[in-house]
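Okay, so subunit A shows up in both of these, paired with subunit B first and subunit C after.
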Partner chain A sequence: MVALGFLLGLTVLAIGAPLVADLIGHGPNDLYRTTMLDQYGLPKGPSLSFLFGADGAGRDLFVRVIYGARVSLLVGVVATAIAVLIGVTLGLVAGLRGGILDTVLSRISDVVLAMPLLLFAIGISSACSTTPQGCVKGTLTPGLNLVIVVIAIFSWPAMFRIVRATTMSLRQSAFVEASRAIGMSERNIMFREILPNLLSPVVVYSALLIPQSILFEAYLTFLGLGIPDSTPSWGGMLDQASQLFTVAWWLMVFPGVFLLATVLAFNLVGDGLRDALDPRSAQ
Partner chain B sequence: MVLGLGVLIAGAGITLAGCGSSSSGGGSSSGSGTRGGTYRVEATDFGFSNNFDPTGEYTTASWGIYRGLLVRTLVGYRMTGGVAGNQLMPDLAANLPTPTDNNQTWTFTLKSGVRFAPPVNRAITSRDIAYAFERIATPSLAAQYGFYYGNILGWDAYASGKAKTIAGITTPNDHTITFRLTSPTPDFLYRLSLPATGPIPKEVAKCFPNAGGYGRDLISSGPYMILGSAQLKITSCATVRPLSGFDPSTKLLLVRNPNYSPSTDTASMRTALPNAFSFVINTNQTDIFNRIRAGLVDDSMSAPPASIVASIAANASQKHLIRTGAADATSYISMNLTQAPFDDIYVRKAVNLIMDKTGLQQAAGGPLFGAIATHIVPNTMYNNDSSITGYDPYATPNSAGNLAAAAAQMKLSKYDPTHNGTCEVAACKNVFSVTGNTTQDINEVPVIQSALAKIGITLNVRELPPSAMIATVSSVAKNVPLALSQGWSKDYADPSTFMTLFESSSISPTGNINTSLVGLTPSLASQLQISIPKGVSIASIDARAQACSATAAAGVRQACWIALDKNLMENVVPWVPYVSGNNVHLVSSAVTVWDYDQASATTAYSHVAVNPSKQAS
Partner chain C sequence: MSRYILRRLLWTIAVVLLVTLVTFVIFYVLPSGDPALRFAGKQPTPQVLAQVRRDLGLNHNVVIQYLLYLKRLVLGDSHGWPGLGFSYSTGAAITPQLWQRAQITLQLVLGGAVLWMLIGIPIGVISAMKPRSLFDRASLVTGLVFISTPVFWLGLMLLWLFWSTLGWLPGTGFVAFTNNPVQWAQHMIMPWFTLALLFAAIYARIIRANMLDTLGEDYIRTARAKGLRERRVITHHALRASIVPVITLLAIDIGTLIGGTVIIESIFNLQGLGNWVLEGALNQDLPVTLAVTLIVTIAVSMLSLLADIAYAYLDPRVRFK
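Showing the complex of A and B:
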């Protein structure tokens, strides 16, 4: 419950980030270089007017951290939603139809899992960064959208495998056989009999996929492949901190703690959901 | 790093570090050093561009080592900081010659008594210098600045294999070499100061027909040699093995060259006090500077980050360990004259007037790391001429931008139809821009965005790894409207090495160094499959640059370049120059003598000394 409360609070903070910024009077990209940077361009630490201190460009780190929550939550939820949509759809089809279709889809998921994730991300990011149009006729441009697509591409196979395996098990079960016996269509069997029974593993795994997506976004941005600096993100802040943490501890501590707490909270919520939805756990 | 006529700096933040005028150190260090000890240098990466073969090596780090320690050339430098360090001196040549035939014929007499290091041991002859030029002209050896010598008579014939020698280079005897050029080249002496022109013994180098091979067995003509040289067997190519003192991925160890005679040199060029030099790779940058502070290392080939400099500068007992020198480099924002809204000179002037140069200087590490730049070529390269040192056509209070002045220019542009001083049309929104992804580059972005937003220009910034950034910016087909965090440094101290960035002959489909496309003509644009917007006339400086290049009298030549620099800033406006960078070095307390090599923009290794008793181990 504490974890859920934290996530709810974080969501409220993320949604209300512009209001908080207005209240403080510091925008996420406002520069305070004369007051918050020293003669070497190094940031100054926390104070009453800058609760988390300044970042390397002289911006209010507190404001950027709460704006960064928007990116993390958005990436986590949207990328996971896309991955779940793809994984559940393909897993259902493969599990129910079997045969060649199952083999093809399973091999595709194996190929995706075997791809060098980071190299692929670097390749896509580089290819889409050097022209204003990005790539795929402007569909993919560097930044948030690209990060979400890359994460989704690499996240669906795990969901696919879970759904496929569960579906294959369910389609042999007595209640599905009974439905078939009374003449229910395959489509109705899929949506009315099997899909509801997939809800538990899908929900639990989704809750665990969100923190993975958040971390992956942080990795990509840390490596300079993700969200541009003008959009605050925790990964970007940690990237900057890696250069300056010896003289500006706050750059690492505050975004790091928020990232840690968020990932931990999602994991705890995921564990809680699994316990709640898995009848064996209750026993 | 892309290597061009000058050295294009991949993200100004990478190379530009350090500031000339410093509260905590200075460009040079006097001091009475004594002979002995080992000068220990570490680097995160040598970054050699051609495996340390002088023919193709094009990095300032290698040039510093060559000039100070291993490779003597006909013409050299005083090996000190500031304007004096850019002054030419005879090195292998007995004197600086007076050219004849309208600066097209240059004859040198070599000093006697200069010998190659072991195992070659023999006297250096004019033929060894001619051979170095033949290597430069050999395509398979990948010389990277052969364009400086392309006007030597017979160059192309040799390069294409149609001639066995370069007709324009003659060696009537061992001590004389003559260069005959096809066009007047008053800066030819500077070109002869570049390390690729140093003597190379054919008996060793002939064993390496491919690029970079000779770097592993470089035979020294300077006061030091690579460890293992004395043991090298050169009776046949089969016996030539890599020298034990050099591994490009780990170390470069130098010891004294027993054949070096100080009487053939001058103390102003080389004092050669340490007994040995060690250049060692340490991939942990922070560790390098911690080791310097602990006395375990004496110097670094890379600049310390601002965070380390700041902590040392704050310590009264350590601040003297920071040494600085002008890098003869300019950091700038490049505006593409064919791309909206920068195809309008009033917009380009407004951008210059609104830019917060002090903010950009701060992002670069503050005044210690560079002075505010107000024009194209660094002042040091104009010998700090008073007619340019105070020149700032876009002066603003505290160099932080002036909205009223910028708005006044914007009102005159076609992109401000309502004449309210801001650009409100679509061409000014989401302007595609490219920058590097180093910390400094990224820190500069919000400063630039914040400034441009005041006149209505918003940016769509792509932060790319340095190599990708350079490839993108230097591709004409990409036609990047605004290139942020660009940098350029000299090859030698003649303004032509900067002005070439604006000549139409420098425009090429890839590897383009004229990123503003100054001088682009409709026919050239057609060849490159790009277009010039209707109604836009792109200025050219070709004729003026050629006139300056052909001018021999030093004072007149300098005045010509200064006038062209001002013309560029006021009538063409291709750049927003913002920092004249400096190099910062952190040295150990064991260093008793340290000087800055202005020509190579790094430590003057020939003018350093250490006190071994203060070195930790």
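Showing the complex of A and C:
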């Protein structure tokens, strides 16, 4: 409940980030070099007007942290949604049709799961970032959309496996046999009988996929291969913190706590959903 | 057994071939623009560009390019075996440096693995012995926090606390074991813990679940009924059965981590494989990124093959699936 409340609050803050920035009077990319950097060019710590202090360029860290929630939530939700869409569609097809199609799809998912994902993500990001045209004739350019696509590519196989296995066991269950016996069409069986029963595993796993995607985006951005610095993101702020943490603890603590709390909250919600929807797993 | 090994071996070869194809597509075909420009590093001279075209056979069509890529890999090139080419940015051959850097990464990963098993197994076992006890609940919550903690943040916090604030440990960098074993350990202890805390949490969860399953089995009741001490039942009967699935997992995790320690290596400035990939990516030194991605993925496939064979040996049911 606390976790759900935190996520709701964070979402409201993220959507209302421009309002918060207006209220405080500091934009996310406004520089306060004269007031918030000392004579050595080092940032000053938290104060009443700068709640979380300033970052290395003299920008308001509080406003940037709030804006950073936008990137994390957006990447988490959109990348997960794409992965779920691919995983569920292919899983349903493989589970219902079986045969060669199933073998091919399962093998592809095995291969993707066998790849060290961070390494491949770095590879794709760097291959697509060497020229400004990006990848696939300019449809994949460095930045937000590349990060989302990379995460989705490596996230669908786990969902595919779950959906495929569940569909296969459902297909042979008594109530599907019964529907078939009373003459229900295959299409109706798929949408009326099987799909509703897939809902709970898909929901539970999606909830657990979101925090993974958020962490993954933060990792890529921290390494300098994700979201560019002009867009405030928690990974980017922590990247800067890794240079300055000996003199400016706030740079490391605030974005890090927000990132940890968000991921933890999603994990708690996912665990809670699993216990609620699948009582057998709650031991 | 031999049929099972053969089947797994053929599958591993197929996976390795597919991986070469995927890496080829990612690095040669997918990006727009002239491939020679990408491999040649930042601001290449026309001579270097011509050399890249010649080395990689870029004037042939895509299929021939792929076959040449495979040929270099399998048969080696002028820089050694496997043929991974040449970094046009630094002017150094890749293969010799690969082995050197792999040693540092291996020290990090193996040390971390020992540590997370030492932390994770006892916590999992004690939690399973008294489920829903205070210890069990506390370890579950702590575990969830560590699973949710961003690795780089944990690393930075450790550095801030033990190096910058308390001054108990040296900061970043690496000292070879043969130079000074004490300094080696001092430099490795924070990277090991950063790696191990996350995995200890995951492994404690798995061991706990496996133990709970095993403790419900009939043969555990039999062992208790014949009057064995609880301690012996746990260590000789329950733990032995619970740990077999973990072996497979361990092999796969170690394999994946050989390429997954990018973040820890970059925070603690360890010149291993991960840091190299990152340097390659940030300096547009594509041959380096390509080589490490390819070799680590092949290593992961090999390790998972070994793990499956070990598993089939320990648990005969697997062979006949």
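Methods note: the second predicted complex is superposed on the first by the 277 of 283 C-alpha atoms of A that agree within 3 Å, B and C clash if a C-alpha of one lies under 4 Å from a C-alpha of the other, contacts with A are read in each partner's own complex, and residues count from 1 in each chain.
One rule holds in what follows: contacts are C-beta pairs under 8 Å (C-beta built on N, C-alpha and C of every residue); 3 or more make two chains touch, one makes a residue touch a chain.
In this text, all values refer to a predicted model and were calculated from it rather than measured experimentally.
The superposed arrangement places subunit B and subunit C in clashing positions on subunit A. By the touch criterion stated above, A:Gly256 is placed in contact with subunit C alone, subunit B being left untouched. Of the two partner chains, subunit B is the only one that A:Arg33 touches; subunit C does not reach it. Contact with subunit B, but none with subunit C, is seen for A:Arg59 once the two complexes are overlaid on the shared chain.
The wider contact with subunit A, measured as residues touched, comes from C rather than the other of subunit B and subunit C. Of the two partner chains placed by the overlay, only subunit C lies in contact with A:Leu264; subunit B stays clear of it. In the superposition on chain A, A:Ser126 contacts both subunit B and subunit C. Contact with subunit C, but none with subunit B, is seen for A:Ala241 once the two complexes are overlaid on the shared chain.
Once the two complexes are overlaid on the shared chain, A:Pro142 sits against subunit B while remaining clear of subunit C.
Look at A:Ser173: by the touch rule set out above, it reaches neither subunit B nor subunit C. The superposed model places subunit C right into subunit B at 469-477; the other stretches listed in 415-423, 433-441, 469-477 or 577-585 stay free of clashes.
The residues of subunit A shared by its contacts with subunit B and with subunit C are 126, 129-131, 224, 246.
Note for the complex: subunit A touches subunit B at residues 29-31, 33, 37-42, 56-59, 126, 129-132, 142, 224, 228-230, 240, 243-244, 246-248. The part of subunit C that touches subunit A in the complex is made up of residues 15, 18-19, 22-23, 26-27, 30-33, 37-38, 131, 144-145, 147-153, 156-157, 159-160, 164, 209, 212, 255-256, 258-260, 262-263, 266-267, 277-278, 280-282, 284, 286, 289-290, 292-293, 296-297, 300-301, 304.
Residues 286, 305-311, 313, 359, 362-369, 432, 434, 437, 439, 442-443, 445-447, 449-450, 460-465, 468, 471-472, 475, 478 of subunit B are the ones touching subunit A in the complex. Subunit A makes touch with subunit C in their complex at residues 110-111, 114-116, 118-120, 122-131, 133-138, 211, 215, 218-219, 222-225, 238, 241-242, 245-246, 249, 252, 256, 259-260, 263-264, 267-268, 271, 283.
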